[in-house]
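Next, two complexes with chain A in common: one pairs it with chain B, the other with chain C.
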Partner chain A sequence: MSPLTPPPVLVPEGLSQDLAAFAPAFVIFGAALIILLWEAVVRPADKRVFMGFSLTAILVALGLNVGVAVEDRLGFSGMVSFDAYSVFFNSVFLISAALSTLLSHDYLERVGVRIGEYYSLVLFGLFGMMLLGMGADLMLLFVGIEVMSIAFYCLSAIKRTDARGIESGFKYFIMGAFASGILLYGVSFVYGATGTTSLQGIRAAIEGGVHGGMLGLGVAFIIAGFLFKIAAVPFHMWAPDVYEGAPASVTGYMATGVKAASFAAFGRVLFVAFLGLKDDWAAPLMVIAAVTMLLGNLVALVQDDLKRMLAYSSIAHAGYMLMALVAVDAESVGLNGQVSGLLFYLLAYTFMNLGAFAVLTLMAGDRDDLTSIKGLAGLSTRNPAVAAGLALCLFSLAGIPPTMGFVGKFYLFAAAVRADYVGLAVIAALSGAIGVYYYLRPIVVMFMQEGGEPLSIRPTAASVGALAIASAAILYFGLFPSQLIELCQAGVLSLVG
Partner chain B sequence: MDHILSILTFLPLAVGLGCFVAPDKAASGLALVGSLVTLALSWTLWGSYDPSGAEFQLTETIPWIPDLGIHYAVGIDGISLLLILLTTVLTPVIILSATPAVHERLNQYLGWMMVLESAMIGTFVALDTFLFYVFWELMLIPMYFLIGIWGGERRIYATIKFFIYTMLGSLLMLVAVLGLYFIYAEQNNGQYSALLVDLYKLDVPYNVQLWLFAAFALAFAIKVPMWPLHTWLPDAHFEAPTGGSVVLAGVLLKMGTYGFVRYAMPLFPEAAVAFAPAMGALAVIGIVYGALVAMVQDDIKKLVAYSSVSHMGYVMLGLFALNAQGVTGAVYQMLGHGLATGALFLLVGVLYERRHTKAIAEYGGLAKVVPVFAFVFMLVTFASVGLPGLNGFIGEFLILLGSFERSPVLTIFAASGVILGAIYMLWMFQRVMFGPLTNDKNKALQDLTTRELVYLSPILVLIVLMGVFPQPFLEVMQPSVERVVLRLAEATPSVPPTASLFDPSAAAAVEAGSR
Partner chain C sequence: MFEALLFYTFSVLAVFAGAMVITRRNAASSAIALVASFFCLASMYAMLGAHFVAVIQILVYAGAIMVLFIFVIMVLNLREDNDPGWNLSPRAVLGAGVGGLVGLTVFVGASAARSATFMPADKLDPGFGTIEQIGYTLFSGRYLLPFEVVSALLTVAVVGAVVLAKKEL
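This part shows the complex of A and B:
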């Protein structure tokens, strides 16, 4: 080598492909920053423009995400994984964000939240979710969790004058920070045991014979951190209060987006890094799944408030989804297709839950306190379309055919039976029957009872649009799920790489 | 027509959706025409179905969710053909009976009724377990709204009880469906299939059969309903509007017994044989219990509701006689009960519309005021009691014949139910129709109108026709019944079920089997 040769430019290999694959996340991040600056110069009356801008950014990102073909690869020096799994989950987050954005504006106006940062927080949260969907390294996953969570701490307390909102945000923050700490503690143990934070590296180390107390403790702490984020029993205590106190549009976004993102990362960590330890974590997770679905459904049974009912039902649904994680088969070469039920169910849950929240934002009233189920009395005669849409979402949440929720539940049950957890499937079936009872209650009130003090529901185009999109998706994928199932299976298979 | 079964299944659904958006008057016309066209189409099946074949006919099989081996597969045999005809005959009758009786939201009422017809036909034609489950659950939603919106005072309690009861059974059945599905995959190199014809070929281990049979049987027994799972039925019947009661007694209860014939028994023949004594005993308890409780009712509708528990007990007894006479009689009794009880509920509805009460004590001596009504009521009562010459007799006779061959003791108890049945039905008839006309409100009672006669007449004609000329109906179902019975005859369980269900070593075998 001649001394005159210029030093090599330190451009990592494949940087341009990495940037291209990361483009959807950049779009979201950029849009969030733009809103933050733009907000300062827009008159309060004109803030509707942010809704349109956010939606456009989300749709562009969605287009980039599904439209640009990316081959499976690790990018950014192994920190980020671009694969069918991340593409699928990014789509779920984007859909969740798009629907929640549609619900937001008129509702926030009505309850008196006129803050432009709302949209930038929504997008920052979305960016955090996307990091969670793609992260292939425990450090990046932790960053993703923090980016997402901090945005949501603020979002849940965005009604600054409302005591319940502040309580909600504060509670979420304290508990969330604690859980993040536990997670990070776990990461440090795993790093100590294996010498790496990369998921692939941890897998290789475990396959190479690393075992022992330090690793086990790390895995347990990491799992506990994720269980907190998905609000599984016994780490669920925060969820009902936070969900109830936060504005309805935020709660809907939180119950679908945050949950999907946490499951995405949880799944990737378990399947990629810790698959070799399956025998150790599967049994406790199975118990947690069973307890979570039973407790969520039982407590939801006695709720008179629609928002609180949906909060507890969201805990129960986390229990169903845990079944898919438990059902992974460690012995077969890859992952069998059954785990893909998790992906299907998360998308289904996004549609049906946000559909229900669309109605919740319509009924919430000027002080955002009118969410009692009784208020729906006679809705079917006053607003038949809204009542029918909510009924469809509730039937889907209850898992009744021909809805997407049924196919999803079928898929999850299939995973459990396939993995020989017949007992777990039976518990899920029984707790599903409990769930049917409380999902039917709003339908009873809407269609079969008159009188009381009916709420005035003023449908707005955006919220009804969100409800219509959700309803259409619930029916379409309930009747013709096969293409979506193929995508889910491709997503799971891409993890093995 | 190539897709006759699909057309038959989805035409009522389309009509029903149309009814929801149409005004009341247009909706009743639309529903009537739609249900009559469906009826006409279903009678063409009678011509295109070849009664000598035992296999499923007019089948259509299209992949639906290929990755999971799920198909849109439909087809009929003799048994489902007859039950489809029962459905399509009863639906226009209900549509006609709705018009003066339903005052509020008539278009939605008709819409749900047509959606329900679609789901019922779908359940009868489905030949894929997944598809069957979808239609099976789909039946719940229209019925839930029919009872909940147009029912009586405690309608909400009744409709939720109905829904939860049924749902609980079906969810456990879903787990069993999945179990079966993976057993198939295991025996066929990981290929999935939910097709019934494929699943029939499976060789399911005996212990696993017992569990799967139990799960299926629970779902079906709730629907039938078998004693002691019957408690939802009187509530649902009592609170349901007339049309809801007719369709509930007429067709929905048959879904349970149909499920046994089509799924639980042929899929798990050894388990069916093993459970037969227990099922027979429960059936007989249901027969006697239903009859005794019916006897003490002071409300006509409740009495008819409990008589259903008793009559469906016969169907179950016939099925679990596991021989050709028993199963044939059971299917015949399904049709007979559907027609007779449907007609009884219609007649109770007619009375209720005029007097707004269903209490027996409010009536008496009606025969003098409303002779035509009394005659029709008598004919239907006799059919329900099983008088020779009417359709009820043939079913009951064949069932008892088949059952005697299997267990004379049970049959003796069951036969006592026939006597009890005659007692409570005729006693009720006597209290309502004969005696002095004491209640002044009944003096001006209007007799059957032309409209009411029109919608009752097809049922009356069929009641007589099926009593006098049973042969064509028996012929069409014979090969299909024999196919089921043959499967059962080949099965010989080695161990009594209780021993293997709860024996630890057997439990291990269950796990090994499902792996």
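This part shows the complex of A and C:
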């Protein structure tokens, strides 16, 4: 056996630029580690400091992410892609994390979770999401999914004395591990068929004529793995129980951040690697999108608990967003206009859903039954500002103008129609109409019914601040969406070049 | 010819051991069957030229991880009366049916595959599978970032496990 000649360059080329572009993720990971060490010396009464520290880290990372211009390039030997797409999604994750961090401290105090590690795990999860936003290689995407998922398995069970919290974490863990296994199985098939895990390499191999059973199986398993992560039917079974059992601040974060991250990676994998196979995966995804929004909306209709209702509505929203993936044009002409709706909608969903969860964290206490819709009765007289904020978020979720949710839905539906999926758009509109009914119900209860039992809603500055930020964003981007839409289109364009 | 014989022997053994893992009533027997399955896999890696991975498979999986499994089984003190037994509900039959169907699809799909990358063994790089080459790939090549991120993954897992399992925080 002849000795190997070592590769000539030991320090990969462009490492310093890669590290600079990776800085937001480093800030987040570093902050998570600092909290772990700091937690050892902080008195229990002073744990509020972690909320401020996490927020600072997130804002610094957001500033680095948006403020430092990075040219479109592949970094770390092609493992990650720094482009407008990754910058947009990283901003979505950071916003989601910032808002849910704002909701956390007072709520956690009330439910008796007084540990700094909570914020560590929030930041670790955020780090995983950012890897998913940037990853340009199935290997890194898989590791990113695992970093994110493991943080969330723990977060959903972090209320350790609560049986439902433990059930939630355990269910999520078992199902999530299974889904990760299937995803990885798919990755290994794709690697076997194409000889590479790099998304662009896979695309080149497919264009070069690789096809057949092994590639098909790989693609199918990878898609199934992602569909689990975004809780699309028929892989949605875990979502309602997990969302309901997890602490409200975690659920809000999970429904927005994890969903956005999974969609970011899903979109990149489909558009960069598997675009050539669009004819094969579009039809199944279309059916799944239709069933997902119908089932999500129909089941949400009969929920009496606000949290559970939002869980099912989150499934329905995943269906709307899947529509954008289906609407992509295989010729990649006009791709930007159609798919950018996905990016817009994910940001809109982040604001409106976390706004609603801000109110939920105010309602939910150490008792389970406090989040029922009936409990909202008379909120408008006791706390008009909070009621107005929640109403705005629900209007936006229902897709009523002039909110961000309306603009987002409009773009998604228009994309489906333009791509000749009129049937899908009709189903989406119908299920959207169902949605209007159940989103309006809490509003009716809030404004028209007098409270039977006065609920102990104690608005705190942080939660009200989060609600105010979300409401302002929903209104502002609902009225002036054009700049944001340009950003979304730039993001999608950077993906396909 | 001899290699094919070895390959089929170990494949059949691996599948058989895998079936034993999920059908034994005694958790300790399942664990031992899992060890057998790991050994068969390791021998396949060795036949594929991945000697380092084969050794690691035995050291880490058959060694360290199995010790953990056995340890947990011992601590939990599982007895057979905890076993719910075979349950042939319609749901289980449906699940087994769908699982079988997926398995069949995988089998047919993978065996019909014509890949761009099938490579005869004599065309492999002479250093293929050696620790040296794996080291270069991991630390100075393509996989530097995922490798480092895996250490982040382990950190998250350890922190999470401690947060969930420790009595007093």
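The working rule: the second predicted complex is superposed on the first by the 480 of 497 C-alpha atoms of A that agree within 3 Å, B and C clash if a C-alpha of one lies under 4 Å from a C-alpha of the other, contacts with A are read in each partner's own complex, and residues count from 1 in each chain.
By definition in this document, a residue touches a chain if its C-beta (ideal position, glycine included) is under 8 Å from a C-beta of that chain, and two chains touch if they have at least 3 such contacts.
What you see is a predicted model; the values in this text were computed from it and never measured.
A.B. asks: With both structures superposed, pick whichever of chain B and chain C touches the larger number of chain A residues.
C.D. replies: Counting residues of chain A touched by each partner, the higher count goes to C.
A.B. asks: Would you sort A:139 into first (chain B), second (chain C), both or neither based on which partner it touches?
C.D. replies: In the superposed model, A:139 contacts chain C only, not chain B.
A.B. asks: In the superposed arrangement, which partner chain does A:212 touch: chain B (first), chain C (second), both, or neither?
C.D. replies: Touch status of A:212: second partner only.
A.B. asks: Can A:121 be said to touch chain B (first), chain C (second), both, or neither?
C.D. replies: second
A.B. asks: Report for A:26: first if it touches chain B alone, second if chain C alone, otherwise both or neither.
C.D. replies: neither
A.B. asks: Who does A:79 touch here: chain B (first), chain C (second), both, or neither?
C.D. replies: Touch status of A:79: second partner only.
A.B. asks: Does the superposition put A:154 against chain B (first), chain C (second), both, or neither?
C.D. replies: Touch status of A:154: second partner only.
A.B. asks: Is A:400 contacted by the first partner chain B, the second partner chain C, both or neither?
C.D. replies: first
A.B. asks: Under the definition above, what is the set of chain A residues touching chain C in their complex?
C.D. replies: 1-4, 6-7, 9-12, 29, 33, 36, 76-80, 115, 117, 120-121, 124, 127-128, 131, 137, 139-140, 143-144, 146-147, 150-151, 153-154, 157-158, 160, 169, 189, 192-195, 205, 208-210, 212-217
A.B. asks: Using the touch definition from the top, list the residues of chain B that touch chain A in their complex.
C.D. replies: For this pair, the touching residues of chain B are 64-68, 130, 133-134, 137-138, 140-141, 144-145, 148-149, 155-156, 159-160, 163-164, 167-168, 171-172, 174-175, 178-179, 181-182, 511, 514-515.
A.B. asks: Would you tell me which residues of chain A are touching chain B in their complex?
C.D. replies: Touch list, chain A to chain B: 337, 395, 400-402, 406, 410, 413-414, 417-418, 420, 422, 425-426, 429-430, 432-433, 436-437, 440, 444, 447-449, 481-482, 485-486, 489.
A.B. asks: What does chain C use to touch chain A in their complex?
C.D. replies: Against chain A, chain C makes touches at 105-106, 108-110, 112-117, 126-127, 130, 132-133, 136, 140-146, 149-150, 152-153, 155-157, 159-164, 169.
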